[in-house]
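Structures incoming, each one as structure tokens.
Across the two complexes that follow, chain A remains constant while its partner is chain B and subsequently chain C.
Take a look at the complex of A and B:
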């Protein structure tokens, strides 16, 4: 018999704390009251219902309500309107987003809040269906089904390994993905630990919430960006990371600042949790989670079987691995991500490994760039001393030095031709590198495009966080002594990124309502928001500190 | 086509193919030492020049080429043949 996920909710007690939101405390009774209200509404229909909430307490109420009503729950990864339309969430969406999302079929989850009296609701059973959306390297959303029973089996493994989270549970990740759902919601729920209903994005706030002792559920995206001066006092009871591997540098940095090495959990939506490690020792070996069988297949790739996968057989992981005698293992480069350059097969992970081993490089990504012939690009972030070298030599000369330094290890075709130097390798919200985002960096010559810190591209809208690096060619001579980004360059950058996002090309004439309100100077961080109005027009807005500094639209063709 | 025009064209090609900043492409710049082109790059450059001149360029023809000035000389000669 697996653990009862709903043990602490079941009686609807008003003195059992489930979640905390700012100063508000939400009891089992409060959650059940909202769930019971929603469940009545949801029981009118059948089939899948989509659930997206910003707030974990609201999410929990919607989650139980939908399952109790016998509905399959589908969890969109985020709430961009184009994405929701793509996965068919327009029909019936359960959400706590302000004002819903317009559209028919939207059911509002009202703030779960302190309720009077006791509400009874049937708790979901093990057969309840929960669907996640995964994005492959192509970025196309794919459904992945789990049952409540599988999720419970995995939570049981967490309780067995780590007990219940102590203190309270603080998180920087969303519960809409499997890792967040399991670690941020179901584990503390089953363990009787209160959780913070709101996701914490800012490290200073995380530290504030950790102040009376708590467990942190985070990801490489956050753990590799801890500002100086952030410290946990007292130390966290535990820190978790998943959704990608934590680099050795980031693990060490987190340990120095937060007082302990994060526990990394290896897995995917398909496989569920597979193994865990910390990087306190080297080599940092992975230990399979309880009830997980991990082994190598004929090609040397890792494959796993567990009660969490939802299939009886072994599932391939796509990573090469080498096992120790005690069953722990080291992860080696992935087997996929092999591209053809000039007819030769080139393994991108192998190139990345070689890059990361070069002095001065702290992280690297390699990417194939389609064109007349496919070429290889490298996106590299540098250690501080190497950044000085980059400034001294210039990007071109420096990249050529790196290329020469790779000659020992890589064949000519494996050595990147095009180079981009960035402060952080672009990742999506889940901390994953997406090929299309990396390719965008190469959409134009290096000195034509600002540094792209973050990007989110949907069907009709795209947002880019940009840093206007001082060596952009547009600053030259415009104006001597007081460089500012010329309006025509602002238009050019907007149209390049529109082209990279949607393949639309500007016709070069017909701009309208173009306004340049404030100047943009070298080093500024700005946000560029693009909106595509059919194939015909693209609107752009540059924002700095949420103030619109330039806007307008231009005509595009296909 | 004058040598200046060919130089401009060559700057364009080197920028497009290798992202070499145009200001580094001077007549005296050495392909290997200053522009860091390697043998693979040279093949790509030859292909590009072949496309541009409409003439078959043999690898041997390019063996003696060391500097940007040499490349321009070769291209000039090839264009002359085409005329």
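Take a look at the complex of A and C:
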């Protein structure tokens, strides 16, 4: 039998606490009332409904409403206007964002929602359709369909393995993706555990909410960046991580600071959950989730079959794996990250493994760089003692030392030619490393570009979170004793990143409406927002603490 | 000699596409391989090809002393000057 996700919708259960939002306590009745109101509206039309909410209680109301109205629910990964346009979410966008993004429906569950009495709503059907968007190999969003029944089957596996989440559920990830939807919403819902309606992004706030013992659903993006001084007291009931592999260093750091090793869940939108592990033991072996059959195909790659995939046959995972006799397995390098350098096949994971094994390197990513001939680049973060070495030798000589040290394990073509030293390897919002994002780091010589902490590139808009590292060459001599980022360098950086994002090249130095309002000093963290106005012009704005410090536009060509 | 050393330093930086270091940052006496600039065998190959092209000299891959000629910018300059002299005599 499948778990009943919706039992809270039944009469008599309307006082049950579903979610907490700041001081507000939201009951099953509140959710039901809003869902019922929306459902009546949604039942007037057919076809898919796009649902995007910041708040999980609002999301739940919209989710139930759309399913109850017999509509397919499509879940955009984020709400950038260009992205929403690309996936066709126009008028049919159901959201809790102010103004409703173009006048579509606005969802607002409040503590007073149920005041008018208990509402009735249809139970969502197991055949109800839920669509996620994944980025395909080319980077454009691809639809991935699941049914409510498949999602429920997976939640049942979670209950079987870990019981209900105890305390309350706190999360740093969004419910718009499959991992967040399953772990942060459907699992606590089925288990009867209240959840925090808002996503927690700041560790100090996470720790505050964990204060009375709670379950944390997080990702490598957060778990690899726990500030010193953050601790959970009492310890979390459980900590989960998914969306990418947690590095051994990050797993150990999380265990030291949070008191336990996170439970990592392996899977993808297509496959759903596949296996889980913790890194408390080495080697950290993956155990398949209940009802998952995992095996190797003819080429040695992992493939899986389960009730969560939505297909009858085996689905390829792309990773190589080696199995133990008891059915647990170790993941080996992915097969699809093999690139050709000077005609030789080079496995990027193999290079990364060799890099991580070098003394002083705490994490590493390898990436192929297009050009006259394809070359290999390495993005590495260093342990503190190695950072001193880097300062002493300079980036070039230090990178060559590392390259020499790789000679024991790697063939010449496997040794990276270009190097970038960063505090954190860039990841997208889901904690995944994206090739295009890594390549941006090599768009210009290292000392020309600031450290890119985060980036989000759409069709017409791009946002970069930048750290102005003090060794940027623009600070040299400008001005002695009081370095600031020159205006011409601000323009240069903006045009380099525009070029890396869209392949547009600045033509000459024609610029307009350029204003430099405040100075930017070494070490500052700034946000650069680029907006592409056709093929001809790109607007830029630098913001510091949400205040515009410089803005203008420059001409671009193709 | 200084002019030749300057050209060699630029040739190294340009051929190897070295972006984090300026030609002027290479000391003429600094070891190019192993310690020092830490170039490796592929770099040597590329520099060898470029030097033959730019200066119109022959490098004999069988020459036992090859590693010595490539030890530093200064040694390379000496090697190039010597080779050029030999080739001119031969004509």
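What we mean here is this: the second predicted complex is superposed on the first by the 538 of 558 C-alpha atoms of A that agree within 3 Å, B and C clash if a C-alpha of one lies under 4 Å from a C-alpha of the other, contacts with A are read in each partner's own complex, and residues count from 1 in each chain.
Keep in mind that, in the parts below, a contact is a pair of C-beta atoms (placed from the backbone, for glycine too) under 8 Å apart; a residue touches a chain by one contact, two chains touch by 3 or more.
Quick caveat, the model's predicted, so the values are computed rather than measured.
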item	value
Partner chain in contact with A:127 - chain B first, chain C second, else both or neither	neither
Touched partner set for A:412, first chain B, second chain C, both or neither	both
Partner chain in contact with A:248 - chain B first, chain C second, else both or neither	neither
Which of chain B and chain C A:446 touches, first, second, both or neither	both
Partner chain in contact with A:143 - chain B first, chain C second, else both or neither	neither
On chain A, the residue positions that both chain B and chain C contact, one per complex	394, 396-397, 400, 403-404, 412, 417-419, 445-447
Residues on chain B engaged by chain A in the complex (per definition of touch)	15, 18-21, 24, 36, 38-41
Contacting residues of chain A [partner chain C, same complex]	394-397, 399-401, 403-404, 407, 412, 415, 417-419, 445-447
Chain B-touching residues of chain A, taken from the complex the two chains share	342, 394, 396-397, 400, 403-404, 412-413, 417-419, 445-447
Chain C - residues contacting chain A, complex	17-21, 25, 34, 36-42
